[in-house]
Amino acid sequence: MQKEIIIAGFGGQGVLFSGQVLAYAAMDAGKEVTWIPSYGPEMRGGTANCTVIIADEEIGSPLVKNPKLAIALNLPSFDKYEELLAPGGTLIVNRSMVDRAARRTDINVAFVPCNEIAEEIGDKKLLNMVAVGALLTALPEISLNDVEKALEGHLPARHKHLLPKNYEALKRGFQAGQKIPA
Amino acid sequence: MQKEIIIAGFGGQGVLFSGQVLAYAAMDAGKEVTWIPSYGPEMRGGTANCTVIIADEEIGSPLVKNPKLAIALNLPSFDKYEELLAPGGTLIVNRSMVDRAARRTDINVAFVPCNEIAEEIGDKKLLNMVAVGALLTALPEISLNDVEKALEGHLPARHKHLLPKNYEALKRGFQAGQKIPA
Amino acid sequence: MTTPAPNNLVYDRPAGFTETPTHYCPGCTHGVAHRLVAEVLEEMGIIDKTIGVAPVGCAVFAYNYFDTDFVEAPHGRAPAMATGIKRVLPDRIVFTYQGDGDLASIGMGEIVHAAARGENLTVIFINNANYGMTGGQMAPTTLPGMKTTSSPNGRDVETQGFPIRMAEMLSTLDGVGYCVRRSLHDPKNIRLAKKAIRLAFETQARGLGFSMVELLSTCPTNWGMTPVESLKFVEENMVPAFPLGDYKVSEAIKQVKA
Amino acid sequence: MTTPAPNNLVYDRPAGFTETPTHYCPGCTHGVAHRLVAEVLEEMGIIDKTIGVAPVGCAVFAYNYFDTDFVEAPHGRAPAMATGIKRVLPDRIVFTYQGDGDLASIGMGEIVHAAARGENLTVIFINNANYGMTGGQMAPTTLPGMKTTSSPNGRDVETQGFPIRMAEMLSTLDGVGYCVRRSLHDPKNIRLAKKAIRLAFETQARGLGFSMVELLSTCPTNWGMTPVESLKFVEENMVPAFPLGDYKVSEAIKQVKA
Amino acid sequence: MTRELWKGNEAIAEAAVRAGLEAYFGYPITPQTEILEYLSRRMPELRRAFVQAESELGAINMVYGAACAGARVMSTSSSPGVSLMMEGLSYIAGTEVPAVLVNVMRGGPGLGNIAPAQGDYNQAVHGGGHGDYRNIVLAPASVQEAIDLTALSFDLAEKYRTICMIILDGSIGQMMEPAKMPEMRPVQRAHWDWATDGRMGKRERRILTSIYLDPIQEEKTNLRLLTRWKAIERNEVRYKEYFLDDAEYVIVGFGTAGRVALSAVRHAREQGIKVGLLRPITVNPFPVEAIEELVKRVDGFLVTEMNSGQMLDDVQRAVRGRAPVEFYGRVGGVIPMPEEILHEIQRMLSEPLSTAADPREEWHERMRGMR
Amino acid sequence: MTRELWKGNEAIAEAAVRAGLEAYFGYPITPQTEILEYLSRRMPELRRAFVQAESELGAINMVYGAACAGARVMSTSSSPGVSLMMEGLSYIAGTEVPAVLVNVMRGGPGLGNIAPAQGDYNQAVHGGGHGDYRNIVLAPASVQEAIDLTALSFDLAEKYRTICMIILDGSIGQMMEPAKMPEMRPVQRAHWDWATDGRMGKRERRILTSIYLDPIQEEKTNLRLLTRWKAIERNEVRYKEYFLDDAEYVIVGFGTAGRVALSAVRHAREQGIKVGLLRPITVNPFPVEAIEELVKRVDGFLVTEMNSGQMLDDVQRAVRGRAPVEFYGRVGGVIPMPEEILHEIQRMLSEPLSTAADPREEWHERMRGMR
Amino acid sequence: MQVKGWIEVSDQYCKGCELCIPACPQAVMELDMTRLTPKGYHPAHTFKDGCTGCAICAIVCPDAAITVYREVSKPVPVAA
Amino acid sequence: MQVKGWIEVSDQYCKGCELCIPACPQAVMELDMTRLTPKGYHPAHTFKDGCTGCAICAIVCPDAAITVYREVSKPVPVAA
């Protein structure tokens, strides 16, 4: 088993951290995992992205051209990764920042209003956790519970009080993700 | 034709210059020639030496283990180069600074009182030219006249007035050299 | 400005600049320093014969912003590169633009010797008390007790040493024609800084030897302050540690009006 | 001497020396500087815990003469090597012995930063106004107009720059605990030089920061003078260009009697 | 030991601390700065020596000094900074003291960029400083391997009184992977019989120098260094094999290029192509005997690097023309994708291979075709 | 032109002046200091730029600056000093400006000694600075060749916008030979379309930098450098052949090792041994095709160097195991005598030669036996 | 009666750093929260009358984003 | 009446540099032209009475070649 996930969005949308949460969850679930941030000049642009690979065996390349899974938190990321996603893959799109429909029909695209859901929960920042929750619907190797344990285990102490809302964001995202017209 | 000459003595005995005079003479006589000073740690010791190679064709190694010709202006140099001289070679020894006889019988050793002759001429410094003169008896490729022209051509202007005495030193050395019991 | 302006134009973007917007963080006074240099080059009418030398650090891309020839030097070596250029093109105006990591740390040997040789170069030295480009490490100019990513508990002078006052140090050298420190934290000081930059270039133009203007500058991002707070920090913390003033002004340049 | 001496012994070769005769030219005051260091190490009773750092230059073989551990540094890097040693062996006494080419030219960055960091090191700096070992080239300390093998027409300050006064320059740095200049041209000054060397090592022993003694020295061979003429040259030409004096003495060390 | 998620640069820093690192000297340069920053906090809290040097030149000479004093010492930098250390490295080698240096490589030459590259292989393995010396060069391909090799590097450096370099491209420094960190080893300075740590009433004085004014003595020293190197070649070659048992083609790649190749090999195996991977872990000494073994049974080699073919030379010298050697590289900070290497494998199967061709030249032609 | 007796170092200095050297930047170090001293007198009298830099690091960056300004510029140094120039050389290569550097090599590693050696071959040819770049390396074997190659080096550097290094061991710098000095060429700065010499109302501004933040652009740059290098390999290989027409054995040696080998070859020929000499003049690019040609018709190669076998690697890579390659070297500042090389030739005739053996290892064994 | 002036702030250069706002002697500047520049910054502007064209905003601007005008008949030397 | 002293000059170390000669307050030193050291130098010596053991010769000696004695009963601190 190997699943590649790319998470992309503006800096400040919690792209890198959400990738790390997935990596922690995968590690705690006994998987092999790599997390690598976008590296080089892109760092200077407005968008950030990271690649997470989860597998049962030693992982080769930490980067892939055509990932099976992706989260696009803004329009430029949607434009880029709708192109690159592997056929049959699943793309979680933050509808709050995207105003167009999907072009490809050979992939599953789930539009999730991450910002709105996060605001309903009462913390704008949690839009990334909403997206992660939605992604889990297409990542059976990692359960909601794995991610909650990862958050509990690795969230800095000073943020521990935010755990309940993080859990809620994950759940709401998972529910939204399940509504995908597959 | 290739002739190798090593000139050795104390620093201050004019070792390097006398080698250069031979090199100039050889060059002006249309020969190939190399001049190389003792190089490396020996420089720090009291003795100096240089190797001059004169040949008709492109010269390979600028250094030789067993030279055909050598001038030893002091005892340490005599000890060293009597050992190393090629069989049948000629060694000019400055008797003024050497108190022992030759050990080898398969080489020609000419004992020349360079200091005394130089002092007779009236310039202690010319002991090296006396030795060069003596050497020429074993170096038919270079004539006394060649060396005189070389001195004339390459002696710094401020020393030009010394030319006559240099010529005399060469001649006296040549005469002394001819008296070798070959 | 020396160039005639439309009747009601008071201030316009200097001709010494290219169109390119800078890559500097909002409020970083690198931009002010750039602008002052561009204004002086324009006012002296020397844009055309000026060659700049960019450092390694935040100003590594300075060559994108000035409408002059430019080279990009290895970290700290700008004064050596500038020496090479000036020695073969003595009628050109050559300046380096260097930060504190570049000039005061790795480039110490090159700057001291360019100054000691009295090279006819102008050096614009930006002192913002940290390595900006690599994310805010301690620089030789970091204040005692100041927290940086490589002095996480605050600079401990016992183990990490004391700030270096470059203007004072270089002023001990006979090759120096003009060496002063200014600050960019308010309009008055910006005006004084511009006058100093003008005099530094005049020093070079007159062949009076090495000239340097040290400019106290901000780094809002790495200091973790707003641009406005950063100016206050310069005024309250850096100026006391790095006193403003003229450390060496050759007699000939004292006569020059700027 | 601190060690009890036979009743009528007034002066003997210091125990800080090995038996090895030096390789220095006759009359070269490197030997005097060596002897003073050896005497101080002996008098302070620290020979046993001292580690020396030799430079590249005439003193490259200094390690042969002192009865202490010694390392040989790359050209100019002695202060960096000494920093590495002292940081892992803080209870040892570490000193560098450097010439002007080594310390003031290629080693400028290392010496300035060791001083700025306030490293607890002692630096013996021999200023003889030229590169001795390579045959007498111009050094940063060469006097204006002075002929050397790389300034054959005399040092031209227009193209070859001005002498650097290291003691004055380093004294602008807060990390410096003791920084003075002395000369070795007569018995009185030699006595003063020894006192200064003692205070420099006392500065280190007390952890008061960086200490340096700059010693005006001779180079009879490359200057083309007799040893006696060379001392006169130091007195008449070098002392005026490199004024003797205390450039920085920390309060704590002012109390110490040497 | 439980697995934790470590970023490569910080993992190297902590691994060095646990290996008993006594002193660190470094200078900021992307993409290795996290090592400096991590140790600026960690070393002082353990009362160990940390100095942010004035330059890489200063740093390597502080390392030189601390090494002469007998301490476990390390510096880290990235390509341009490492170039500034060449004089110091040659001195350390000539003085025969142990030191560890990590190069988190970036795109070059010159200032280049901060993207991951392997362009300093030749500098580390063949050239670098002046004179005849060789040093151990380790090339980790994962965070765990970076940890393990960092710990190993100190032991090797001290065992052979040599420089041990670790070269990794920036991506390994920046990526996070689960890894097990070894237990903390106590700092206890070995009582070396060579260290200049002060006589302290116990012994005669010692001198550490790289000067041998008499060429005969210098020659003896050079031969002594070579003798030691021969022992290293015998004892310390390390590499990892993947799918080589039945391989008809072999990819040779180190570091990230090697692990990217592993993905390509898996894809190829899915397509029934019998290809394997040899990933050198010690690039110096180079696994010559492993190549020798493979030459006997494979139809061709493909060398993949993130440079223009530097290790390629070593593979060619080991193969000695007995099998075709092909090359694929990306340069200047570009990481190859598994698909690209798979494509090269397929090309090797479809094209006639020659032992006479110059693989770098042919690769260069193909790359120019691409543009 | 009449022959005059020139000392190698001074001949190089005067040859550079006559080639139109506009600026020289250097630092004292034995055994090249005579070049600096000669030019400290000669350049000012011609009103050209001479600066004794604060260090070799300063010198190479002054060279970098003057090169960007479009001037003919040179620096000279010796082994440890050249190691300090590695960062600068990589920048110059990455910026694609022409520069000439002379390395009068001495015994190493470290401070070593001041005796003649060839231990920096790898640094000059394979390693050195960080990143992927190559530079031309010329290796004169006589004073006349040093003069001719110095003049040539500026033309090559400018033709290909590259670094041209001249490596010679100290003995060539110190020896005197008759040589013809070329006529004085006027200093006339070419109007390069790349030089940053000030707009001066004539043109748009220019930028010279080695930064390519986008890896794709850096890759393009690397490939452009490689394309240029391929042209150099095609056009600029130079070597000298001696007695090769009927040779059964070939000695390959450069610089002084090559001319010492010539004496050995002559002795061997006197004994009826059919041995010849290939003396590379450009060691980079290396005369691969000349080796290719010889492989077809000789029974064995003997590589002789004043190092522990650095060019040996290049000969082995060119031979690709098709003929036995043996090695004989003296290291650390020792110049081999013709008798020693003759002895090696005789050994090759008397012993069975293998293509599988490691010539360096076998030489090392023999050398240790000697002691 | 004081001179009247006005400024133009370039959307291309302004990064909304706010340095001009406290510097303005007339306190007539603020960020325009109703607009974003193409780079996503709220640019500075004058939100009420009172600008005298003193150019202090331009003097403190790190991005040379501000052009300053004044209702006068003769050219005025730049302030900085 | 002045104290009486004497010196020993080591042939191993003395290089005949003459620095001690003008330095001697009593002017009792010179090079011994009748002898050569193993290294070929004429060593310094006292050529007449008058040495007071003041040790100034030792203070200026670059080669620590001079040992100084004095006819006294109690130890004397070294001068330098």
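In order of appearance the chains are A, B, C, D, E, F, G and H, and numbering begins at 1 in each one.
Criterion: a contact is a pair of C-beta atoms (placed from the backbone, for glycine too) under 8 Å apart; a residue touches a chain by one contact, two chains touch by 3 or more.
Note that this is a predicted model, so its numbers are computed, not measured.
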item	value
Least hop count linking chain A to chain C through chains in contact	2
Between chain A and chain E, the fewest steps along chains that touch one another	1
Selected pair, greater C-beta contact count between C-E and C-F	C-F
Most distant chain from chain F, judged by the mean position of its C-alpha atoms	G
Centroid distance [mean C-alpha coordinates] between chain D and chain A, Å	65
Distance between the centres, which are taken as Cα means, of chain F and chain B, whole angstrom	35
Inter-centroid spacing, chain B versus chain A (mean Cα positions, whole Å)	88
Separation of mean Cα positions, chain H and chain D [Å, integer]	25
Sequence positions of chain A contacting 2 or more other chains	40-41, 44
Multi-chain contact residues (two or more partners), chain F	51, 54-55, 57, 80, 87, 91, 95, 110-111, 113-115, 209-211, 213-215, 333
Two or more partner chains touched - positions in chain G	none
Residue numbers on chain F that touch chain D, as the complex places them	27-30, 33, 36-37, 40-41, 44, 50-52, 54-57, 80, 110-111
Partner chain B, residues of chain F touching it in the complex	3, 5, 31, 113-116, 170-171, 174-178, 256, 259-266, 333, 335, 337-339
Residues of chain F touching chain E in the complex	57, 79-80, 82-84, 86-87, 90-95, 105, 107-115, 117, 119-120, 122-133, 209-223, 226-227, 230, 307-308, 310, 313, 316-317, 320-322, 330-334, 355, 361, 364, 367-368, 371
Contact set on chain C toward chain G in their complex	1, 4-5, 7-14, 17, 21-22, 24-32, 35-36, 38-39, 186-187, 190-191, 194, 226-228, 231
Complex interface listing, chain B residues touching chain F	20, 23-24, 27, 32-37, 39-41, 58-65, 154
